[in-house]
Each structure stands twice: as C-alpha cells, then as structure tokens.
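Before I ask anything, let me first share the structure, which is written out below as structure tokens.
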Amino acid sequence: MLETTLCGVTLKNPVIAASGTFGFGAEYDDFFDVGKLGGICTKGLTLHPREGNPGLRVWETPAGMMNSVGLQNPGIPVFLERELPRMRTLDTAIIANVGGGDLEEYVEGIRLVSGAEGVDIVELNISCPNVHEGGMAFGIDSDVAAGVVAAVRRVCTKPLMVKLSPNAEDIAAMAIACEQEGADAVSLVNTFKALAVDIHTRKAVFDNVTAGLSGPCIKPIALRMVWEVARAVHIPVVGIGGIATWQDALEFIMAGATAVQVGTATFIKPTTMLDIIDGLERYCANEHLTSLSTVCNILGTVPNCNILRRIP
Amino acid sequence: MTSPSPACVEGATVLAQERLTEDVYRLTVATTTGGTPGQFYMVRSWDREPLLARPISIHKMNEDTVSFLYQVCGRGTELLARLEEGGEVTLTGPLGHGFRIGELRGRIAIVTGGIGIAPTFCLACMLPVRDVTVIAGFESTPYAVAELLTLGVDVRVATEDGSDGTRGFCTEIFDPPAFDTVVTCGPMPMMARVAQLCAGAGVPCQASLEARMACGIGACLVCPCPTVQGNQRVCADGPVFDAAEVIWHA
Amino acid sequence: MLETTLCGVTLKNPVIAASGTFGFGAEYDDFFDVGKLGGICTKGLTLHPREGNPGLRVWETPAGMMNSVGLQNPGIPVFLERELPRMRTLDTAIIANVGGGDLEEYVEGIRLVSGAEGVDIVELNISCPNVHEGGMAFGIDSDVAAGVVAAVRRVCTKPLMVKLSPNAEDIAAMAIACEQEGADAVSLVNTFKALAVDIHTRKAVFDNVTAGLSGPCIKPIALRMVWEVARAVHIPVVGIGGIATWQDALEFIMAGATAVQVGTATFIKPTTMLDIIDGLERYCANEHLTSLSTVCNILGTVPNCNILRRIP
Amino acid sequence: MTSPSPACVEGATVLAQERLTEDVYRLTVATTTGGTPGQFYMVRSWDREPLLARPISIHKMNEDTVSFLYQVCGRGTELLARLEEGGEVTLTGPLGHGFRIGELRGRIAIVTGGIGIAPTFCLACMLPVRDVTVIAGFESTPYAVAELLTLGVDVRVATEDGSDGTRGFCTEIFDPPAFDTVVTCGPMPMMARVAQLCAGAGVPCQASLEARMACGIGACLVCPCPTVQGNQRVCADGPVFDAAEVIWHA
C-alpha cells in the first residue's frame, strides 16, 4: 500500500531517515529493524574528511533544537570502504547526502559516490547552514545553485535529488532552477538559520554564532515551502521539517510530497518512523486507498488553492 | 563484561523518589534493562516539552530496578523531580561504554566533583572495598557519601564552603602517586585537572565525560569529545574515555 | 533604568505590545495598568475599513500559532475618532501600525495618521502575510519595499518605523533599503508564512491556504534576523518574534534590538509584558547596569561574531 | 446584572473532578471570580504545551467555586481530564457577555446539542422552574440532565442513537411557537437550524456561539462572528448573540 517510487527507485514506503540524524543506519539497528524504512539518508558526506565545528553543537528551543555539527564525516572514500558495505546489509534504499566546500569538491565527491554500487540516490546538499565555505552559500541564490546542479549533474550517474535550504531567497525559483539543470527530485527543507544568545556570557551560544533549527517548531513553515515548491515543479518533492507523527507526514503528502524525511523526531523516540509508517498504513486501510498517491498533492486540486494560484 | 543491548522502555514505573539535599534527588525505576557502571539512560518524564530526553547515569541497579541520582539544574531535571511513586518515565538505554573495570588495578582512586558521584557510586560498590578510595568534592552538603561509608568504602570529602570534610576542591586532597588507577567524573575543569595530575604521575585515568546530547546513541554527532584520534562521540564512544587521550582544552 | 529612546521618542521601558495582539490597548486594561508598558502598537490600520478574512482564523502549532485575521480594522478615520482618544488616556507611547492594499492607500493612510495628535510613531506594515493585495507583497523584494518607504516618507510627519517580513528574500538588504529611503527604525519580524493541512477534509485549514506563524517557535529565527539587521543598519532595530520571558527580550537586546515587541505571549498570560519588564529591571539591578544600552548589541562586539562579519 | 471584571487567577485549586460519561467530565475549582450564565473562562492546567488556554463556559458557580462541564476532544481537554483533586488550574475570566436574562420572558425554551448544555445549565437553574423547558440533544448517553430533573426542570431529551428519549435531533422535538423566548447552545448547524425555526415563528432567540480563540478578551480578532453589523468578536461581543443578527452561513 505504501510502496512509493522516487525518481525511479522503489521504496517500501515513503518514510526516509533524514541526513545527519541517523548516522549510517547501523546505530538505530539496536532499537528496531531499520530495514522497515523506506530509505536512509547518510550523514552529509564530503570528499575530504571533516572534524566538524568546535564548541557546543546542540541547543534546545521551544519545540525544536539548534545544531551546529558542521558536516563532521569521515570523507567519501572512507564511507565507501567502511560504512557503505554495512549499510547495504540493512535492506533499505540508500541515499548518499553529499556536501562540499567548493564546486570541485562537490563534483569529485558526487562522481565517486554515484559510481558506487548500492547507492540508490544522491542527495546534493546545498543547504547546510553550519559550514563556512560552501554548504548553504550555494543554496541561497537560485543562479548560484543552478551552477552547482549543472556541474554535478554531468558526473552523477544516479538519480539526483537536490536538498534545498529554507533560507533560500525564493524557494520556488530555487526548485525550478534545480529542475531546469536536471535534478530528478528536490528535498526540503534543511535547517533554518537561527541564533541563540547566552545571556550570562553575553555571547552567541554557538561558536559559529548561527546554527540550524529543526524539529516540530519549523513544520508549519516547511510545509508551506513544500506546497509552494510542489506547485512550481514537475519533479518529485520530498518533504522534510518537523515531521513527528503520521498526521504530519500526511500533511506533507497532501501538500505535494511524494515521500518524507524524518530527522529530529527520531531523537525524541527512536521508533518514531515505524509509528509513522504504521499510522500511514492504517490511514490507507481506513480510507480504502490503494496508494498514498491518491492523496498526494490533493491540496493542489481543491478550490481554496486554486484561488491563490494567481497570487504571487 | 559485555554491555547489554539497549532498549526503549515506555512507561517504566517510578518506585521511589527521594530528596537527598536541597537540589539532589534519587529516582528509582522498575526496569530490567540494567547496564554497567558508567553507562547512562536517556530519560524523559514528559510528553512534548522539552523536546529532548536527558542523559542520566546509572547510579545503582539490580535485576529489576535502576536508580538515578540527579541534580535539579533546569527544566528537564525539574520535571523529573516532580515525579512521585507510581509515576512513569520513558527510558532509552543502557547507552554508551561504561568504565573499563578490567583495567582497574591495585589502589583505585575515584575522584568526583558534585553530581559526578552518581555513576562512580555503582562502580565503587562493585570493586573490592579495600582497593577503593573515593575522593569526593561538593559545593556544600555532600550526598551519597553516607551510603558509601556504610558499605565500608574509604571516602574523603572536600567541600567548597567547608561545611563538611576539608575546605576546598577535591583535587587538593587527591595525591595521584598514592594510587595505581584513577577514575574521575565531575565538571570539566575538575576532570581536566585530575587528568593533568594523573598524567604527571604516570597513573592511568578513566574519565566519564558530559556533553549535551540529542540522540544519545551515536547517530547525530552533537556530542563530540576531542581526542588525539579526532572527535569521538561522548554518547556512543564514551562517556568513559582514557583521560590521556582526551584533548582537555579544545 | 529601563527608559529607552526610540527614534526620538522616550519610552518608559523597551517593552511594546505588538500590533494585532493588543487591540487598541483598552482590552487588557482590565488585567493590568497598560500605562506601565513602553508602548502599544495598534492593530494594523488601513485607510478604508476591512472585514478581515473569512473562515477559520487561528490554528495552534507546536510552540506557536497561525493566524489569518487579514487586517480587520475600522479604518483610519474611525480609529482617529473613536480609538485614539481612548488610547491617549492610557499613558504610554502610541505606535500606529498602518497597512494598505496599494501604494495610494498606504500614502493616504499614513498622511492621516501621522498628522494626528497623540500618535508617537508610525509603524509601516509591509509584512502582513494575510492579505491578498498589498501587505507582504511589498515586503519581499527590497526594491519594491524601497518604493513604498520613499513614498510614505514624504508624507509621514512622525518617526517612521518599517515592520519587516521574515519572508523577505534578504532581510538585511531589505533593512538597508528602508534605511536609505529614510526610515527612522525597523521592527522585525512579522509572522512567517506557513501552512496547515486538515487531513480529514483534505484541504488547507485556512481559506487563504497560508497564514502567519508566531509564538515561541519562531524565536530562534527571528533573533537571527534581528542580529543580521542590527549589523547591517545604523537606525534602531525593534526585535519581535516569540518573546515570552525577560531572558528572551534580553537575547534580542544583546543581538542588537533597542526595544522589543511582545505578541503571542500575551495570549498565554495577559501580564507577560509586566513580568518581562520586572525581569529586565531585576537584571539591570543585579548586574549594576544603569541602562540596557550597555548590553545592547553586545553580540556585535564579542570575538565570535567578528569572525563571521566577513561571511555572507 | 453587570458582569464582574475579569481576573487572571493562577493556581486555583481543583476541588473535584467527576467523570460523567465516557468523555464528559465536570471540574470544580475554588475561585471567587464567579460570573454570569453564558460567560466563560480561558482555562489551562498545563505549563507550556499546548500554547493557548481553552475557553470553557461556566457550568455552575457559587461565591467560592466555579464548575466546568467539558467534553474531551483534543489535547487541551485531555490534559484537563488528567487533573485530580488538589491539582491546580489557571483561569482567566469571567469573560464575554452572557445570556441577557432580562430579555427572557414567558415560556422559555433552552435548546441544546451535546456539550452545549454546559452553559445553559446554570441559566436554567436561575430561572423560575415553571417557565423553563430544556430540550437537550445528545449523540448517545445524556449528561447533566438528571440533575436538572432533580431541580424540577422540564427536560426533553433526544439522542441520535435512540439510547434515551426520542431518537433523532433535538431540533425535531422543538416546537418554537410553543415558546416566548428561546436560548440555544450547541454545534453550529444545530444552532443555525434553531435560529431558522425561531425566525420563522417570530420568537426571539439568544445563541451562544463558539469560535477558536487566542486572547479570549477581544484583542486579537481571531474569533469573528459574522453578523448583520459586520464581524463581531465571539469572545468579547459574545459569546451570546441575538440569533437573528448572526449570519449563519457566512
């Protein structure tokens, strides 16, 4: 019932573990059979290993959290050698999330990763707010993003999904630019650039000053962005941002998402994604839906949306 | 001792909540999940707010219960302190790697600061009484000490306000050469000092570190401990590290 | 200790009731002496009366709420005749928040309002996400905003504060544009454009599809924007977004806000603003500060911020 | 009767929590703030989550207490239902304008659907027993009815499942011409129908409306009631409106 096709790849269901929140998949295997998931996005990978950011890396906020991990990862070669083989035993779709400090690192990284057996989809991360060079710098302006996508597209032999930043100047224009340069899907949102101040030290909490906000608090904004993007492009959209229940996931699907990713909510309860999958299954059964695609983007078809189609 | 594999237990029953000092409590919960000294649980007794669970070490345990010794210092621990007998908590654990007990030899010093006594308590209980000296510092009123004394453990107390034991920091009454191995848990500056003293004296030292956590199981990388081998995860690679490998002032 | 000057107007303290959340001030007078506030922003006013939006107007979200009031107001002439005289008895600064459907309505509205005795500051609202014409449409693109500010500036005889939208493409550029066109201050943020889906009816919850998100959930993003704007302009910045405690208010001040506005938190507890004022007073006393300006924008002066000054 | 001015009472003590049916509860709270029938309170028994308080009508009151009759239908009412004797709630109220009792004349019908019986109960108690007929519809098991009967009030019950009284909707057993004034509270479609029947029969009708609220005191305009005079605020201009002025299908 929940089987979903995402740029040619068959997923058991539309529920995917979000990058950076699920390690390389093995960590959560102690708690549940991660093979039940639709897919797993790896921690953000870069061609060269990275130590990540110094200082505090996490801070709680109302119904959310800020993180400043800064793409700590062992580098793509080590990933391919050590982590990928283990991931392949997990029996779920593998989505390699790739970041980079400059265009060349992106291109080389994606060339390597997309050539590897077992990687099903490449998720191009131009939206990490926690690194100084690259990352989100490529995800604000649509023209800049288009350049990266075009370059990466030439070397990527796997379906290419571009992960968008909610900090983009115009998220719909950004998605259109990605589609035009050959992206097979877009996923959104990454974390929101946010600030926390330690009033005692009178400094920013994070060494980088700003950090990325995720969790239930961002859901209403993320959902709006997914809806805007789904109306703007013809490629599949993967919805991300604060999803914690099956109802949340269904809202994203109704707003136009083909699949969803769940990040922060897994920290709250390791088996959150299983609960979401179960809930969606029950929903389909109760509503006599043979597939979630029946309700996907249904918001685009109801009258109250049409009214707004003309409004910028 | 191999670590038991962790579980997520929803609705574990609170068997006891004891208030030991102004702001230190002991919570005993019915669970068979156990663990080893130095391991911890992600604990929550609330529904949606705050968002994240709180890492709390195993303070005591047996086949059917785990106890936590905790200090109220913010929203989460305040909510824990509101629990009453019969209440419920959600536990994920036991998590992380505890003290490497096999490596503890000869005269063992356990040097703790404040609530750092929580995880070392159950370690002390497992070791031969005559081998162990606990050197425990507190700001003011000590806790958990009386019970160790009852068990026959040699405990030396330092308090910052002099209200009990020696006035000052525990590091001032800790003489590394008198010991063959050292275990430490407490505030970072204190542990850094202990590590430095141990390094100077050539005494091996295991330190149990703290870091803010999100997942608690090694997936999110928000809890780095800078070591000579690069960033390690406090939750999954620790919380107990070889003090000599930790880069204390990163 | 808390006395604050905001574009030449002396406020008893830097705590102001946010537009649309405090009516015309009299409503809360049953609960506390609203004369203790630094100021009150009126409900968004337009030249012509408006009935506001049909359908549901409020929806709760994690640590926040969405609203779709849509500038329901009696129109500026009725405001001046009926509400302003009553507001003037409240003994606090009066900030008239003015919206408009087109440039002409803005200009005429502000001409009228700024000429009225008793209005201390005019807050130009180019950021309401809940009206079809005007409102936020003027607050996305800096050039469009600059045009409105320039036109309004010519007729505004009172200090002019421009209220910015967090949905702006580039909030710092937007603030700079406002400054260049003669704004005396900027206030930010208005609500975030957000979406909620009713999975039972399979429609958007709001007739307008999207609505404005406010409350504690938005604080970390709003705070980041205030910090970015405070580094970009030389005019005073008024911080708004999810402020619920004196610590929140202080974070905004340290990030560069001269004053703050409190909206949603007043719904949680009518006397929230008094608690904030008390807390700030105690803070100043404990820290031996003669004025909050000592810590205003202190984040701009600490090393970790300077590192980032060069990063876009 | 002039409305007492509203107050915000933190930590009012719960005197009783009674479960009347599967999902209907009665909560009695110690407070001297009182009110008039049809007025309501913004109620919260939680700290930060959910964000907003919930509007609940005065069901009963005396000098020292106010009771609420409420149906569990979401997060907020679920949390209210968890309260026990001795617990605490925060109340803001009494709010809004209640029933205009001075305008009730002759034979008075009180037509309610489901939990709409909550505010009309205390109205019924205040009116001369012989003048009042309560026509109360429920999905299934009735509540609050037995108590009205004890007081001697004429109550006619309709249930959708026929488990009590007449099977069907309360509007089917309501005959407007038999009354001189009508008061109604319940789901919008039901009240719209009552209003229509009353308009047809030329009988004045007061309706107590519901709308989602944020401030509850008239400041935020999220609770509009479309009327012939434009949008009114349910919280501050209502919740009781002249049914003839309400635009029922806006």
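When the chains are written out, they are named A, B, C and D in that same order, and each has its own residue count from 1.
To be clear about the criterion, a residue touches a chain if its C-beta (ideal position, glycine included) is under 8 Å from a C-beta of that chain, and two chains touch if they have at least 3 such contacts.
Treat the numbers as computed from the prediction; the structure is a model and nothing was measured.
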Whole-Å separation of chain centres (CA-atom averages), chain A against chain D
47
Whole-Å separation of chain centres (CA-atom averages), chain B against chain D
54
Intercentroid distance (Cα basis), chain D paired with chain C, Å
36
Out of chain C, which residues touch more than one other chain, so two or more?
62-64, 215-216
In chain D, the residues touching two or more other chains are 48-49
When you draw the chains as points and link the ones that touch, which shape shows up: line, ring, star, complete, or other?
ring
Can you work out from the touch definition every pair of chains that touches here?
A-B, A-C, B-D, C-D
So in the complex, which bits of chain A are touching chain B?
20-23, 27-28, 30-31, 43, 51-52, 54, 56-60, 62-65, 67, 69, 72, 215-216, 264, 266-271
Note which residues of chain C are touching chain A in the complex, please.
61-64, 66, 132, 137, 169-170, 192-197, 199, 202-204, 207-210, 213, 215-221, 223-224, 227, 242, 247, 250-251, 254-255, 295, 298-299, 302, 304-305, 307-308, 311-312
In the complex, go through chain B and note every residue touching chain D.
47-49
For chain D, which residues are in contact with chain C within the complex?
5-8, 48-53, 90, 92, 212-224, 226, 230-231, 236, 250
